[in-house]
Every structure is written in structure tokens, then in C-alpha cells.
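Alright, structures below, take your time with them.
Common to both upcoming complexes is chain A, partnered first by chain B, then by chain C.
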Partner chain A sequence: MAVLRPSGDFDVSYRQDMALIRYPWHWVLILATILVAATAPLWGNAYVVTTINQIAYTVIAVQGLNILTGYTGQISLGQAAFMLVGGYASALLATYWGAPIWLSLPLAALITGLVGLIFGLPSLRVKGFYLAMATLAAQFIIPWLTRHTFKDYLGGSDGQISVPMPTLGPIVFDSAEKFLYLSLVALLITTVIAFNISRTRLGRAFVAIRDNDLAAELLGVNLLGYKLRAFFIAALFAGIAGALRAHSERSIGTELGYNLNESILFLGMLIIGGLGTNLGPFLGGVTVIILDDVALQFGQFVAALFPAYSSNVLTSFRPIFFGLVLMLFLIFEPRGLAYRWTLIKAAWRLRPFSR
Partner chain B sequence: MNWVLVPQQIATGILNGGIIALISLGVVLIFKSSEIFNFAHGHLLMLGAYVTWWFAGGNQDGTEVFNLPLIPAFLIAVLVAIVVGLLIERFALRPMTGQPLLSIVLMTLGLALFIEGVVSLVFGVQPSAVFPSPFSPSAVFRVPFPGAMGGFIILKKTLVLSFGAAMLASIAFALFFNFTKTGLAMRATSEDHELARSVGLNVPRIFGLSWAIAGVIATVGGILLAMLTGASLNLSTVVLVAFPAILLGGLDSFLGAIVGGITVGLVQALVQASSNIEVRNSAEIAPYVVLLIVLVIRPEGLFGQKRIERI
Partner chain C sequence: MKKAISMLVLMSLLLGMVSASFAQQNDVTCESEVVVQVNDWLSKIADKFYGDPLAFPAIAAATNAKAAADDSFATIENVNIIEPGWKLCVPGAADAQTLLDSSAAGVLTQSADISCDSSNVGKKIVLYQQAGITGPLAAITGPGLINGTQDAIKAINDAGGICGATVEVVFNDTAYVAEQELAVYEVSRNSDPRPFVILTYGSGATVVLKDRVNEDKIVNIASGLNGPAVYNPPNGYTILTAPIYSDQFSGFIKWAKDNWASIKPEGAGDEIVVGVIGWDNAFGTGATTDEALAYAESIGVTVLPLEVVALSPTADPTGPIQNLVAQGANVIYNQSLAFTPATVIATTRALGLWDQVVMGGVNWSMDNSMLGSLGENAALAEGYYGVFPYLYWDDTDQPAVRAAQAAFDAGGYPPADHGVGYLLSYASVDAIRQAAIHAINRDGFDNLSGETFLSAMEDLGIVSAGGLFEFNVKDGNRAPSRTQIRQVQLNDAGVPTFVAVTDWFDLPDTRP
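Let's look at the complex of A and B:
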């Protein structure tokens, strides 16, 4: 990711070359963000804390999608279904084994990863649009299976089961405030993993496949192997996100969403944030969640003005806002907010000669 | 398998398949001319159904602005569909020319959400079961058939009408594409945009035309479906059944769309004839199981062109 580095900015030691965080002001920004998020129970109300939780698990899901779609170039319309798998896996492990969160979360992620591998198998034969269709099939088949198989365990036609509170030794994460620390730690870990994937052999192979799969194959990249790894990692992240969401909402199932619209929402976040950048999932996730909220508030405001149409207004503003913003981004800024951010940084550095 | 039900289900499946085929035709048309896979087709269909419903007297409570018979309302809906199709092509898809596949897919998905939002804003979220129809929903044909339950196959008149209309539209398309100059120009454009341009075809206008026609097909499909189920926001989800049909038939084949549509309709209906309740329940995902099988065995579909990649 050594893009757009200013001239004269050299690495003078191996340590510096390998550093994940390069500049002191990056440390300041990151620590400040973590501090603000972690102290949310002190300065914010319950709503803020819940929203930060929501942002955390959404960003994790989008990070996974970013590895599959942004880096490897394989469109996935099934990320929400994989979240469902992760949520169910963690919930069942916690309910029937009493597994603590440090065990149930990674196990759930692993199970989801394996399910992701199954639906990644069509990438053996097809790519591009056809592969998107295979993931669309996952998006329909997985929720259907949770409703119609193992009804005693998965909730059957209720479409949901309740999820126990996560425990870690003596700590019980019984409130959104406590849960916040769990999601933030998970987010931190997945972020480090995602950053590292993007700058190692694995990430470079992914990018090679995205840019030209035939050329990548000629260079010795095992296409199927790496595509399956991308599917595995994407589903793994979705599993973590789904488990976190299930534990924070205390129930899991198709009644609570996890549908095609959510998968589209994740893809939209990726586009709005910036495809194939590490910053993208954060910018996109935060932007879309805030936008969704603005649409909701604005909808309530307009609904109060025109009571006769309140039900129409309340349901319609969110799809209109998201659809419109997504289309505008695709037309005017297809590289997303992350690219805009690098432009702003460059302009600031070159000041007063930025234009 | 519940064999008594099979003849009835085969008949229903073929008739349902006709509507799926009609929906698939619209998607294939756009794909053929501009290589865009239109995820918003279901929403165009819903829009067409709602516009017709609204002009045909909608609520039935005397507050409506227009109260036209079905045919004029249909014609107005067709006009609206043409305008919407042209607008979509001009303002949403033309800036996407030359963009990667993901951007185009997301553009149509964003469009779908946007249309859904606008429809629910303008026409309301309540499904309206009352849709003007030449037949009452319970009007049926009884065709004597020895093996069937009660000795009769029961065909809903609306369903037969839909199937007829779908087949008629398909034939009209085949004629249009094979025997008119515009149809020839559209086929040429689908082969190669640059070549088509170099022989003097106005490629953007052909894209616009294909979107307008797709809008019209979607409207016809929407009205036919709404006659069966009433107008509701759920109408758009029917296109999710059409996707497997399209891939089964082959993305760029009109004949494939029809064969695929009828096959998927048959599969859905036959699954429902099973005596096991869990198998019956799987009717909603059966098309996607078919889709996975197609993708693994023959990704280009039955009649699709196999794409050879050259560097």
C-alpha cells in the first residue's frame, strides 16, 4: 500500500519498512479513535453505545467482503447469509456447550469459513457475474435451511432463537456497555489481520487475481486455491460479525434480517468507502450507518409533517437515501471515500501548490 | 411423490413458467444489447403494476384521481415504462459505460432500492389485493384428464391469459429481432459495440431503445402477475426466480429464456407435488438448487454462447 508516499519519505531501517503504522500522527489518530469509542459509555447515551456496537460488527463483515470483492475481485451477494451461519454457530455452541465467548466466537468463525468454502467451490468453474449468481444462491439457500432443517435447534418457523449472554471467565457481557469492549477488541483484531493480509504474499496474490486472473495464473498463482482462501477469509470475518451481532441482539434468525438487502448494503458500504482499501470498510460502514440513521430521523420528521402519509414516508426514505447515495458514488466517485481521503492528504501536503 | 397431483402441477408449472419466461426475456434483452445484467428488472415490473393499478382506479374508495378501464391504464403504464427506461439508461447506466462489472451490478442494485423506495413513497406500502382483471381470480377452465385428481386439470383463466400473453410477446420479439431493421441493429450492437458504431449505428440510442422495450416487457409481466397476486412490493422478488431461469437458458439467448423459464416453473410446481412436506417447502429455493447445478455442469447455460477468453 505504498501508494502516494511523499517524496523524501524514506524507510531507513527494516523495522520501519515493516511497520504497520508508519507515522506518529497515525498513532495519535488511531489511539484517539479507540479512546473515543472505548469511552462511549461515559460521554454517550445507550443509543450511541448500541450504534458503535453495530458499526463494529458491520465493519468486520465489510472487511471480509473487502478481501473477497475488493482485493480478489469476486463479487459476493451472500455476506449476510454467512453472518447468519456465524451467529447460529456461536449461539448453539454457547447454549448447548456453555462455551465461553473466547471459544465460541473463533469456532463459529471457523465453521462459517468452512461453509464459505462450500459456496466458493463454483469459483472452480465460473467467475465474474456467474460467481455472483452462485453467492446469490447461498443467500437464499442458507436462510431457507435455517428455517426448514433441525427445527428444534434453529427455531424452525419462528425464524429466530434466543442467544445467551456471552461470558469470559467471571465476566458476563450483560449490557451494551460491556459488550462494547468485546466488539472493539474483535474489530481491532480483524483490522490487524485485514491490514496484514493486504501486504503479504496472500494479499498480493489476491490483487493479481483481481487485476488479471490469466496473468496471475501464468505467474504461478494457484487460482482455485487462492480464490477459495479469499472465500474462506470473507466467510470467517462474516462469522465473527454474525456471532457478535447475535450476542449483542440476544437472538439470531432470519426474522432479524440477514437477507439479500443486507448483503447489498455491505457491497454498497464497500463502494462508498472505497473498494480494495483498508480504510474503506471503516469509512463506508460508518457513513452508511449514519446515513441510514439520518434517513430514519428525517423520515420521522417528514412523517410528523404529513401524518396522512406517515407509513409511506417511514418505510421509503431508507431505500431511497441508500440507493441514491450509492448511485451517485458509482457515477461521481467510484473509488470511494478512501480515495477522496488520499486526495485530501496529498492536497494538504502540496499546499499551497495543490491545484 | 404424490402422483395424483402431477398432471395438475405440470399444467400449472408450464403456465407459471410462461410468466417467468416473459420476465427473463426483459433481462436477456438488456444483457444482449449492453452486457448489463439488470437486477432492477423486478422493480420495473413492480412499478408497471403499480402505475396500472393507480390509473385503473386503485383504491376503489372514490378518492382516486383516475378511474380508467384496464386497457387505457395499461397503455399509460406502457408510456410511463418507456420514459422510465429511457431515463434509467441516460442517467444511471450510460455513465457506467466501461466501468467494471461490480460497479454495473451495484448500479442496478442501487436503482432497484431507489425504485422500491419511490414506489412505496408514492403508492404506499400496503399491498392492494384488488387489481383490475378481465377475469375473477376464481374463474377457471376445467380440462378433463384421466389421471388427475377428480378427473380434471383446473387452469385459472388469469394464468392462461398470462401464459398466452407471454408467448405472444415472445413471438413478437422473435419476429422483431429477426425481421426488422431495428432488431437487426440491436443484434449487431450486442455483438460488438465498436463495430456497430463503425457501420453507422447510433449505439446510445439502441441502448435507450432496449431499456424502453425492457420497461414495456416488465410492465406487461407486472400487470399479468398483479392480476394473479395483487399489486404489492413483493412483486419485485419474483425476478429472483427468473435469474436461475436465465442462467439455465443461457444469458444471451431468447429461446433459452423461454425454455429456462418454463423449466424453472415446472421444477417449482413438481417439487410442490411431493408428498413430503419438507420437499414441498423447498419450492422457493428449488430454482437456486437448479442454478448451482447449472453453474457447476454447464455455466454457459443450455443455449448460451460459450465464451472463449483470449489474452
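Let's look at the complex of A and C:
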């Protein structure tokens, strides 16, 4: 194990340098988090369980966005639409082929990845705002297609289709408690993948493209190839997240959301959590979803204080509260919660001289 | 002699007329005559004679008919009040059915005063309600929903609860977000006591919960009137508070067709061309289903492709309106609510197209929330037609409305909440009371579950919701199928009111 020193990490071997889990307290933190999440059905009520499940699949989607936007610097406003693809793919595979979840989930992810590739193609030609517009196209085209084409399969104007309960051998995931474990296992796998991407050749190429794509190209990074890979992985993760959400909501379609708002919210989570860090999606996802619940309670509280304006307050409190929080974050915490966490760690190293 | 003969003929004619009129008055024959005892209710008597407590209006109607000719019979002014010693006429079963059918045609089913066979003092019944009282639609799904429920429950508890058991409600806000509806439902279904009925208010909730309530056997009294979600699979646990959207739309165009001569815009031809403006979601597209479009075709009404506006108070409907009028629309139907019909009305007026179209919409579009969105320009809505499957605050001649108004006033709620939301919840709770009592009488209090509750509702068939609207769970139905058409008219004070322009009529059946 590496030693915690004021000057930073001090590795004495390649093995240490490559280690994913670097300190004993990392183990403690990880195991504690897993333990808290996995025992939720024992200590929490159904609301807590469904919320943790929601956090789990949301974090997966944000992890995907993190690879694309955080590491590779390619802005995307279509993550929710890719979730829709994943959800539909898994639902149709399970409904018409009776595919079990271990098959339908990866297949759905793969299909979504391929769709992501298509929308990633413009990324070689356009950058920044222009790319944002190109990915925005996905957010409009995909929901439109689900509503207006293949009505018998995609639900048409109904805006949704039923999704069967996932099965894994004899286990039927028919309750929120059972489903939680499916989402947590998926989250564990995607987290390991995300960590590994960030410390290998792939991740370093992504970062090089983000920091200066011309320089990266001169260093021998194939821009189109790597950008497409980033899009593929981002959509792959969105596909997993979408499939998990579709199965846990037991229905999929535009009626249940998957709109531009959600795509922007994912971006917001990433910014709040910290772009380009592996911890960011976790911190951002948890913060935003819990904040959402707080806004819900707080909005009712504020409405009760001003009964004359109660219905206006109830209608607009959440977006105002949310916008305000996001703005304050951008002003006071522009590098996200993950950076704050780094600062806290540094301060701990330098104690008692941290100030 | 001639004079005498003609007198005789005249006399006999007169006599014949008199006896004919007598016969008419005595058309109702009493199979038995009953003298009211202490602790008698009309429904109790109906149950005894017909085995159906809800057949009581037949006894009331027969008794009142008899009383007109024979004052030994009582005159029943209020079916909830009968006095010991009154003589009632109980018609035969066939006559009773005729009376029930004829009385049902033009009016809403009235709330029944079903009595309890058991007393369950000290026990409690918990209802679970989930709605978006925050979020984008708070204006219509706002605090009125929970206030209505609580006031109705208070009234029931003050009158001794449901068979002695105290009623409580657990409310959860969902902000109209499907994920939240689901999370809240997960909590409710795991609660103790396990819910037998929940109340929800959105297409999202209807859709996301439909399979779960079927599996969990929990009745969902839903106001998201999504037809496909309710009838697929059939005989499910989702029961709607108003007709499904495609039925409403079909009923509206049928009414427009039947009354075209009197409502058509000046200069309009005989052909009816309907344009629909709706939100881009299941609600917005719910009117123009394949079944509804087939119905429109069958009665020779042209329906233009749906024009979509975004679910946002700032969405501009100018393009859709102009598109529809350019394609020859002379009827515009709004499949949206609150701010969107308001902007459609204001924009159509501003474009100078108001006189060229008949403007109307789905039931939720014609509500206090729409007038509220227009604000000081509420009078612009004058002339707007809406499908109206329930009574409203304007119907102050109805005792049911007066009772709701008294509860609303006692609560001291703001005028913005004086909409359909409050009435809907207030009335639904009364229907739950009747069905719960029937279930308790039949299966016992301890067996009160979603299963027995649903079968009790099916047993009752048509269940009045506080006399304000009615649930229809007859013959596989899951939604009411009768409505009025109402129009926004300005009263003497210049305030917009919703005035009925039709009697109650049956909607076309466009179930999927």
C-alpha cells in the first residue's frame, strides 16, 4: 500500500502505481458504501430502496457522459435519448425473444452503443457548441422516432410500452428490493470499467483529445477513432442505465421522461460532481437526486408559509431552487465536489498546517 | 234527442280522458306497501325487496308518483331522510327496473345511504393518495386534491366513519414525475395497513402503475384517463374518474355533428373539419386514437392530423392554429389543460380567427385553472365548449355541490384552488365510502382488500361519487361513459361560468 504523505502519493513499485485501490481507507470507504447500499432493504423503507436504485442507474448514465464530456471533452445533450434506446432494446428483446436479463442488458447496451456511434460521427468535423447542436439532434430524433414509427412495437401515441420483469434463472426481479441488487451489480461493473478506462491508454488518449486535439493528433492519437470510442462507451453506459430504468419502471417510452431536461440534468450532475473525475458521477448523482427530494419537501414548506401564492410557489419552486443551486455551484465550486474532496484530502495530509 | 246523443258522446269522451289520466297516474302498481320503522333506510328496504340497496330510487319515485294521487303515501323530497310512520310504495321488480332506467337517463346517479351491518369502532381505514401538488401542473393538480380528500374524510369521520372505522389519508407529492409516482407507490404498497385503494392523478401514474396494481390487487382510482393503459389487459384494477380521452373526443364531435346547424360559425359549410391541438405526450395524443378516428370517419367528420404544442406556459400555439384553419378546420379541440387551452383561446382571438371556429376541448381544459391562466382576461374564454362529465361549482342548485362548497368555504382555501381538483377528490372519497361499506357488509371488515373492494364496486356497477359524478365499473367498464357538454358563458356580473348546453348523454364507445 502506498503511504499517505503531505507531498502526495508515494509509490515504490509499478504494482502500487497501477493499483485501483491505493489506501486502506479506500477499502473502508468502498465496503462501507456497498454495505450501506446493499442493506438498504433492511434499514430503509421502500422509498429509500427505490431512490438508491434510481441513484444507481442514474450514476451509470452520468459515468458514460463523464467519459465523453469529462474525459474526451465532447459535449453531449443526448444521454437521455440513448437511455431510451437502451430501455426499448432491452424491453423488446425480453418481450419478443424472452431474453433473460444477463443477455438482454448487454445486448441493449451494445445496440445503444452502435446508435451512439451514428450520432458521434459529426464529432470529427464539429466541436463545442456545434457538436452540442449535433447531439441535440439525437435528443429530438430518437424520441420522435419512438413515438411515430413501428407503433405496434414502440407504443405509438401511447408513448410507452410495458416491460416484462427481468429474470435470471429462477430469480424473478419483481420487487424494488430485488431490483436494487441488479442495479448495484451493474454499477459496480461500470465503475470498474470507468476506473480502468481512465488509467489506461484509452483514457489518456481521451484526455489528450480534450486538452488539445491537434497536439493529440500529432502525438499519434487517431482523433475520429478515439472520439467514436468515447461516444460508443457513453452510449453503452446510457444503454445499461436505460435498460435498468425500463425494467425497474416496468415501462419504457417518452411518456416517462427521457427528454432534453433529463439530458441537461445529467450534465448538471456531472458539473456538480466534477468533470473528468471518477468520483464525480457518484457525488453529482447522489447530490442532485437528494437535492430533488429536499426541494420537494422544502417547496411544500415554503408554499405553506405563503398561502396566497401557494400554487405559484408549488409550480415554480423546484426549477428556481434547482437553477439557483446550479448557479451557486458554478460560482463557488466550479470544479465540482470531487475537487472539493481532493482539497479536503490535501488539507488532511497537511494538518495541522493546512491553513 | 240529437243533442242528448252528442252530450252522451261528449260525456263518455270526457270520462275516457279522465280515466286515461288516472291510469297514467296509477301506472305504478305497488307490489307491497311498507310503513317506515325506526332505523329504516330506503336502501335497506330496497335491499330487502330487490336484494339491491342501490335500487332505492325506484321506491322513492314510485312513492312520489303515488303520493300525487293518494295522500296517504309520503312525499320523499330527500332520499336520505325518511320518517317512521311514512307509507311507501314498493313496486314490483320489473316496474322498479323501468323506473330506475327512466330516472337514470337524464341525471347523475345519486349517492346512496348504504347502512352498515357491523360496527368497527376503534379500527381504521387508510387511503393512499399521490399527486403532483408541486411541479408543472400544480395549478390543476394542486393543493385542492389533498384538501378535497381531507375535507371529505373529515365529513365521513364526523358522521361516524365507515362502519365505525376511522378514515385516514396518507398523501405523497410526486411532482407529476413518473419515477416519483413509482417510488411513492412502492412505499404505499409496503405500508401497514396494506392499501386497498390508492388515488392518483396523471397519465404517467396510470401507465406506470397499471401492471403493478393488477399484481398487487390494489384499486387505483386514477384521473389520468389513458384508455389503452386501463383496458389492456381488461378487467384491471385501474378505475377512472372521468371518461377516457378517445370517448370524450368522439362524444364531442358527435355532439358537434348533431347540433351543427345551431353552433356552426357564420359562413361555415355543412362539412365539419376538426383540428386537434394537444401536448406531445400520452395525454395530448390520447384523444385521437385509431378507434376515435374510425368513429369520426363513420359519422362523416374529417379530423386533421394532430397539431402539437409543448407542455409549457410559454409555448406559442400560433403556428398550429394557423395551420389548422388553413386546412379548413372549423372546430378546434384542445387536448391539453390549464395554460395551453388558455393560450390557444387568447391567440385565436388575437389572430381574429375566433369567429371562424367552434372552440372546445377535453374535460380538464375547461376548468378554473384555464380561466386562472387567462387571469384578468378570463372573459376571452366566453363561448368555449368542453366535455363535462361531472357537476361543477356553478351548479349551486345541486345539494351535492352545496355540500362541497360549504366544506371548501370552511377550509378557507384560496380562490385558485376552486377548481375541479377539489371536487374530484372530495367526490371520489364518497364513492370509496359506499363501495367500502358494501364490501364490509358482504365480506366482513377484516377481509377489506383491493380484491373485495373492486368486486364490491363491480357489484354496485354504477357508483355515485358524492352525486358529483359517477364511476362506471359495469360490464368490464373502468370509466364513466356519460357526460354533458358545457359552454363558458358570462353571468350577469360578467364572470365566466360553465353552463350546460346538453343533457347527460352516453358517449360513443371507443375503448381499445
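We take it that the second predicted complex is superposed on the first by the 335 of 355 C-alpha atoms of A that agree within 3 Å, B and C clash if a C-alpha of one lies under 4 Å from a C-alpha of the other, contacts with A are read in each partner's own complex, and residues count from 1 in each chain.
In this section, contacts are C-beta pairs under 8 Å (C-beta built on N, C-alpha and C of every residue); 3 or more make two chains touch, one makes a residue touch a chain.
Keep in mind that this is a model prediction, so the values were computed, not measured.
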Chain A as common anchor, with chain B and chain C clashing or fitting: clash
First, second, both or neither for A:317, with chain B first and chain C second: both
First (chain B), second (chain C), both or neither touched by A:159: second
Which superposed partner A:13 touches (first chain B, second chain C, both, neither): neither
First (chain B), second (chain C), both or neither touched by A:130: first
First (chain B), second (chain C), both or neither touched by A:47: second
In the superposition, chain B vs chain C on chain A residues touched: B
Selected from 127-135, 343-351 or 487-495: the stretch of chain C that, after superposition, runs into chain B: 343-351
Contacts on chain A seen with chain B and repeated with chain C across the two complexes: 311, 315, 317-318
Complex contact set, residues of chain B against chain A: 37, 92, 95-96, 99, 101-103, 105-107, 109-126, 240, 243, 247, 251, 278, 281-282, 284-285, 288-289, 291-292, 295-296, 299, 309, 311
In the complex with chain B, residue positions of chain A that touch it: 69, 73, 75, 121-122, 125-126, 128-130, 132-134, 136-137, 140-141, 144, 148-149, 214-215, 260-261, 264, 267-268, 271, 275, 309, 311-313, 315-324, 326-327, 330-331, 334
Touching residues (chain side chain A, partner chain C) in the complex: 45-47, 49-51, 54, 147, 157-160, 162, 174, 176, 248-251, 254-257, 296, 299-300, 303, 307-308, 310-311, 314-315, 317-318
List of chain C residues in touch with chain A within their complex: 133-139, 142-143, 173, 175, 177-180, 182-184, 186-187, 189-190, 203-204, 207-208, 211-212, 215, 226, 228-229, 280-282, 285-286, 288-289, 414, 416-417
